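Take a look at the structures listed below.
Two complexes are shown next, each including chain A; its partner changes from chain B in the first to chain C in the second.
Entry: the complex of A and B
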C-alpha cells in the first residue's frame, strides 16, 4: 500500500513539475555475477567514476555502495536514478572457499563474517528499492535457490525487475537457459566487462524505470 | 511433491489446503521444491560440530558483531533461526527467513542459545 502511495505521489509531482524525481534502482544477484562490474560500467559511462572494486574472489563487495545521482541520456530520453550496488546473496559462506585464492585463514574468516553481514544488509535495503536489476552469470545454472528466492521475493513485494544475463563474452554463456528459467521477465544479455550490448540494456532500464 | 512458502519457508505437500488457499502466514506465494532438494536443505541444519571454548567465544563475538548487538546480557530463545554459524567463518543462511519482512533475524550460536537482531527492524539510512 505504501509503495502504491509513494508511486502515486511521485507521478503527481512529476506531472506537476514536468519531471520525474530520482528512482532508486538496486543491483541484486548471487556473488561473482558481475553486479559491481555492471554498476562500474554505467557509472563510468555517465558519471566518469567507478562505484567499487571488482575481483575474481567471491564476496568482494561486502557493503552496500551507492551513487546518489546517475543521469542517463539515451536517444533523446533522460533518466535520473540512485544506483545501489549490493553484496552478493548466498545460502552458504565458508571461509575455506577463499583460501584457494591465496587469502590467509584469519583474513578469510573475516571476509566470511563481512560477507554474511553484507547479505543481511542487501536484504534490508530491499525495502527502499523501487526497481531492481537482477544480475546473473550467464555461464552458471540459473535454477538456483538463491535466484528463485530473490526473484520470488521481489515479485511478492511487487518491485519491478529486469534480469541481466552477464558475461556473454564467455563461450559457456547461455542466455536462452536464463530465458527458459524466467520466461515472464525481460532479459538482456550483455558483457559488463567488455561493454557489449549496453545500448539494449539502457533501453530496458528506461522501460524498468517507467514501471515504478 | 512439496511446495515452500516464499515468505515464511513453511513446506506443504502437493494438493494441501494451504497451497490452494494460502499459507498460515497469509502468503499465497510458493515455490516448488524437489524432494531431494528439500531433504538436502533439512539435513543441513541438524549437523553437529564440536567447538572448542575458543571457537565458541569467537563465534559469539562474530555473531554479535554481525547482528550489531552490543548488550551481552541479552538472552533470547526462539524456535527458528535464519543464520546458523557452524564454526568461525562458516555460515549457513536461510534466505526464505531472511527475506521474510516481519521477522527479526535470529542467529543460532549453539543448541539452546540464540541472538535476535532487534536492530534489523530499523531501516537503513
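Entry: the complex of A and C
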C-alpha cells in the first residue's frame, strides 16, 4: 500500500513540476530470457560496469538489483535512467531442475528457496516502476500466462511498456510470433549477448521514457 | 459447483457466480486450497491481472513452506475477437462490464500433475506428468 501511495505521489509531483531528471526503468520477464544480459549490455555501454551475473542456469538473478544514474546519449539527446533488474517471474520452482546443471542438492534447494522469494520481490516492485522493458526469449513460445500476467499488471498500473525479443542471434528466434502475440505493443528484436540492434533499442527506450 | 474424476485426475469446475462476490484473498485462497488437494481447477471466467499476480506470489510463498509443492501451471482461454466486427467487440466489452468476464476459462493445476499448458492462438494442450 505504501509503495502505491509513493508511486502515485511521485507521478503527481512529476506532472506538476515538469520532466523527471531520472527515469526508473524495470527489466521484467520470465527466467532466462536475458534481462540481466540486456541490463548489463546497457550499463556496460554507458557506465563501463555490469549490473549482475549472467549464467545458463535459470533464476541466476534472485534479488532485485540496481544501477543508479545510467546516462544514455542517443542522437544528440540525453536521458538518465535508474536501471532495475528483476528476478524472472515463474509459477513453479523445482529444486531438481537445478540439479541438471551440476548443482549439488543442498545448493539447489537454497537456490530454489531464494528464487521463490525473488519472484515475490519482483511482483512487489511492479508498483515502483515508471516504465518497463519486458524481455522475452525470441526462441520460446510467447503465449505463456506469465507474460500475459506481467503485461496485464503493468497495463492496470498504467506503466508504459516496451517489449524486447531477445536472442535474435539464434536460428530458432521468431520475432513475428512475439509481434502476433502482443500486437498492441512496440517490439524490438535484439541480441543482448552479441549487442545486435542496440541502436533501434535505444531509440525505442527514449520513446518509452517520453511516455512516463 | 461440479466435480468430475477421471482415472485419478480430478477436475474441479468453479462457476463464475461462485467466485464473483469474493475478495482477492478469498479467491486466491480457495484456488490454492483446491490445487494443494491435487485438483485441476477450471474457473468460468478469468481473474483480474492483480489477482493473477497475487496467485503467483502466494504460490511462491507456499512452495517455500509446503514440502513437495512445486507450484502451479496457469492458463486463460479467451474468445478470439481479433477478426470480429467493432460492434461484436463493443457488445463483448459491455457484457464484460455488466456481468464480469465469464466468457473466458481459467485453468490452474498443480505443476506436479500438469507438466505444461501449451497455448497458441488456436489451441490449448494440457501435458500431464
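Rule of thumb we're sticking to: the second predicted complex is superposed on the first by the 192 of 212 C-alpha atoms of A that agree within 3 Å, B and C clash if a C-alpha of one lies under 4 Å from a C-alpha of the other, contacts with A are read in each partner's own complex, and residues count from 1 in each chain.
Convention: a residue touches a chain if its C-beta (ideal position, glycine included) is under 8 Å from a C-beta of that chain, and two chains touch if they have at least 3 such contacts.
Keep in mind that this is a model prediction, so the values were computed, not measured.
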| item | value |
| --- | --- |
| Room on chain A for both chain B and chain C (clash or fit) | clash |
| Chain B versus chain C as contact partner of A:192, first or second or both or neither | neither |
| Chain B versus chain C as contact partner of A:131, first or second or both or neither | neither |
| Touched partner set for A:164, first chain B, second chain C, both or neither | neither |
| Chain B versus chain C as contact partner of A:39, first or second or both or neither | neither |
| First (chain B), second (chain C), both or neither touched by A:204 | neither |
| Touched partner set for A:92, first chain B, second chain C, both or neither | both |
| Chain B versus chain C as contact partner of A:149, first or second or both or neither | both |
| First, second, both or neither for A:141, with chain B first and chain C second | second |
| On chain A, positions contacted by chain B and by chain C | 89-94, 112-113, 116-117, 119-120, 123-124, 126, 145-146, 148-149, 152-153, 155-156 |
| Residues of chain B that touch chain A when the two form their complex | 6-7, 27, 29, 31, 37, 41, 62, 65-66, 83, 88-96, 98-99, 101, 105, 117, 120, 123-124 |
| Complex contact set, residues of chain A against chain C | 89-94, 112-113, 116-117, 119-120, 123-124, 126, 141, 143-146, 148-149, 152-153, 155-156, 180 |
| Contact footprint of chain A on chain C as seen in their complex | 48-50, 52-53, 56-57, 59-61, 63-64, 70-76, 111, 117-121 |
| In the complex with chain B, residue positions of chain A that touch it | 64, 89-96, 108-109, 112-113, 116-117, 119-121, 123-128, 145-146, 148-150, 152-153, 155-157 |
